[in-house]
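Look at the two complexes coming up: chain A is in both, with chain B in one and chain C in the other.
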Partner chain A sequence: MSKADLHHGDDALIAAQRLAEWTSRAPELEEDVALANIALDLLGQARMFLSRAGDEDQLAYLRTDREFTNVQLVELPNGDFGHTILRLLFFSVYQQQLFASMRGDEIADKAAKEVAYHVDHARMWTLRLGDGTEESHGRMQRALDELWPFTHELFEGNDLRAGWLSVVEPILAEATLTRPEDGWAPTGGRSGVHTQHLSYLLAEMQVLHRAHPGARW
Partner chain B sequence: MSKTDWPLWEVFIRPRRGLAHTHAGSLHAPDAEMALRNARDLYTRRQEGVSIWVVPAAGITASSPDEKDSFFEPAADKVYRHPTFYDVPEGVAHL
Partner chain C sequence: MTRGEYEAVAAVPDPEIPTVTIEDLGILRDVEVEGSRVVVTITPTYSGCPAMDTIRTDIRRALPGRDVEVRTVLSPAWTTDWITDAGREKLAKARIAPPWRSDQRLSAPPGTLMLSISVRCPNCGSPDTTELSRFGSTACKSLWRCRACGDPFDHFKAI
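Moving on, here comes the complex of A and B:
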């Protein structure tokens, strides 16, 4: 089983689950569709990566939180809309860098197209909210301060951070947001050490499969 | 968000092998850029090779139903007004 496939699959799966929680709760109907669209893309990516790593359903439904290898960033609760958008920006710019570095890989090439759209969507909203009203700006800055520490984990074992910063920093600057200093850098996701949020997420995601093991759907 | 104005936009789409943009529907968006992206999600499922126009609904002037008669009722008894006396030459695909 390829560890890398498992990492990419887990990231996408948990990110998809969080975005799907927005369904019917987005600020506008059109945004509801957009977020669901992105969640669907991510779930598709998760299925491809997990299928290459093993049995997708086994991997998604029968592992405990200690066995999941996603970065902590994607398992954090949605928070408000700005919080969700900023997390999407950080994660999709990371994916964009990652898939560019994997060019030639069948799954990465397919996913790269989708991810370009995700980045575009997150960038537009980051600019709008960061440079919107006083209220939206304040919320974005708070979300930024809260999420920034969790971005470091994305770059463990790769050299993508410089490229990531070269995309993210100008967007934050244009959105009139202040990029936090690097400091605390929580880690552990890749080795199954997670925030307390993941096990709740998994309990909900896996409940049916665990109640009826072996059933066909 | 309720304080933001999300005006109505009309969406016109030209399919990949289509010849003209056709009215596909409408949607709400805060500006043209967002309207374009929403239209892509809602009406094209991100198919490659399509062209999308978005127009603020306020920018469209429509003919009035009250004027329907004077606007559209053709003078059917004046046959010379209708180009029905010509054979369409072969090879003219889109007449």
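Moving on, here comes the complex of A and C:
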């Protein structure tokens, strides 16, 4: 089993599950549809990567939290809308850099086209909210301060951070947000060490399959 | 390839936009007859396109009594340039503005967005339109509104 496929699949799966929590709860109808569409793209990517790593259903539904290898960034609770948007920006730009570095890989080439739309969507909202009202700016800055430490884990075992910063930093600056200093860098996701939030997410995602193994619509 | 098998599969409608077929959209890549077996190759539009399972079932139904294998390929990745001229006409008739072709767009490096300069309203033909949301009723469409006639419409977005 390819560890890289498992990492990419787990990241996309957990990110998709979090985004899907916005369905019917987004601030406006268009945004509800947009977040659901992005979640669906990520779910599709997860299925492709996990199918290449092994049996997608077994991997998605029958592993415990200690067996999941996603970065902690994607499992954190959604927080407010600004928090969700900022995480989407960080994760989508990471995926864009990652898939560009994998050019020639059939899954990466397919996913790269969709991720360009995700990055653009997160960028537009980051600018609008960061450079918006006092309230929206304050919330975005708080989200940025909370999420920034968790971005370091994305770059364990790769050299994508310089490219990532070259995209993210100008967006934050244009959004009048202050990029935090590097400091605390939580780690462990790739080896199965997670925040307590992942267990609750998995409980909801896996309960049907565990209660009715092999059930079909 | 046998013409009869190909035509039967090519006529399968897209489950989400039934006015166009899987051939019109460029989802159907190949039909091969290997003895008694028919091998159909398709490619997904978007990674998470929920219509793919339905399309697989519909392909099998289009060839009753045959031993059908449906293969899914990812590479080369699907592009809206594969939508046929007939498909573009049918989309426009269904009031879905067809995507720009890559040679009509500003050139962009791989992985970046290719933006349309303007999309013509499929109702009245006016170029005075505005994008409401880049994500529409399905993964492949964005939502627009015409400033001339006031109608909202779907645009098949270029990818």
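Everything that follows uses one rule, which is that the second predicted complex is superposed on the first by the 213 of 217 C-alpha atoms of A that agree within 3 Å, B and C clash if a C-alpha of one lies under 4 Å from a C-alpha of the other, contacts with A are read in each partner's own complex, and residues count from 1 in each chain.
Basically, contacts are C-beta pairs under 8 Å (C-beta built on N, C-alpha and C of every residue); 3 or more make two chains touch, one makes a residue touch a chain.
These numbers come from a predicted model, not from an experiment.
Superposition of the two structures on chain A shows chain C clashing with chain B.
In the superposed pair of complexes, A:I107 makes contact with chain C only, with no contact to chain B. In the superposed pair of complexes, A:F99 makes contact with chain C only, with no contact to chain B.
By the touch criterion defined above, A:F150 reaches neither chain B nor chain C. Of the two partners chain B and chain C, more chain A residues are in touch with C. Of the two partner chains placed by superposition, chain B and chain C are both touched by A:H121. In the superposition on chain A, A:A34 contacts both chain B and chain C. In the superposition on chain A, the residues of chain A contacted by chain B and by chain C overlap at 30, 33-34, 37, 117, 120-121. Per the touch definition, chain A reaches chain C in the complex via residues 30-31, 33-34, 37-38, 40-45, 47-48, 96, 99-100, 103, 106-107, 109-117, 120-121. Within the complex formed with chain A, the residues of chain C that make contact are 44, 46-50, 74-78, 110-113, 132-137, 139, 143, 157, 159.
Residues 1, 6, 27-30, 33-34, 37-38, 41-42, 46 of chain B are the ones touching chain A in the complex. Looking at the complex, you find that chain A touches chain B at residues 27-30, 33-34, 37, 117, 120-121, 124, 128.
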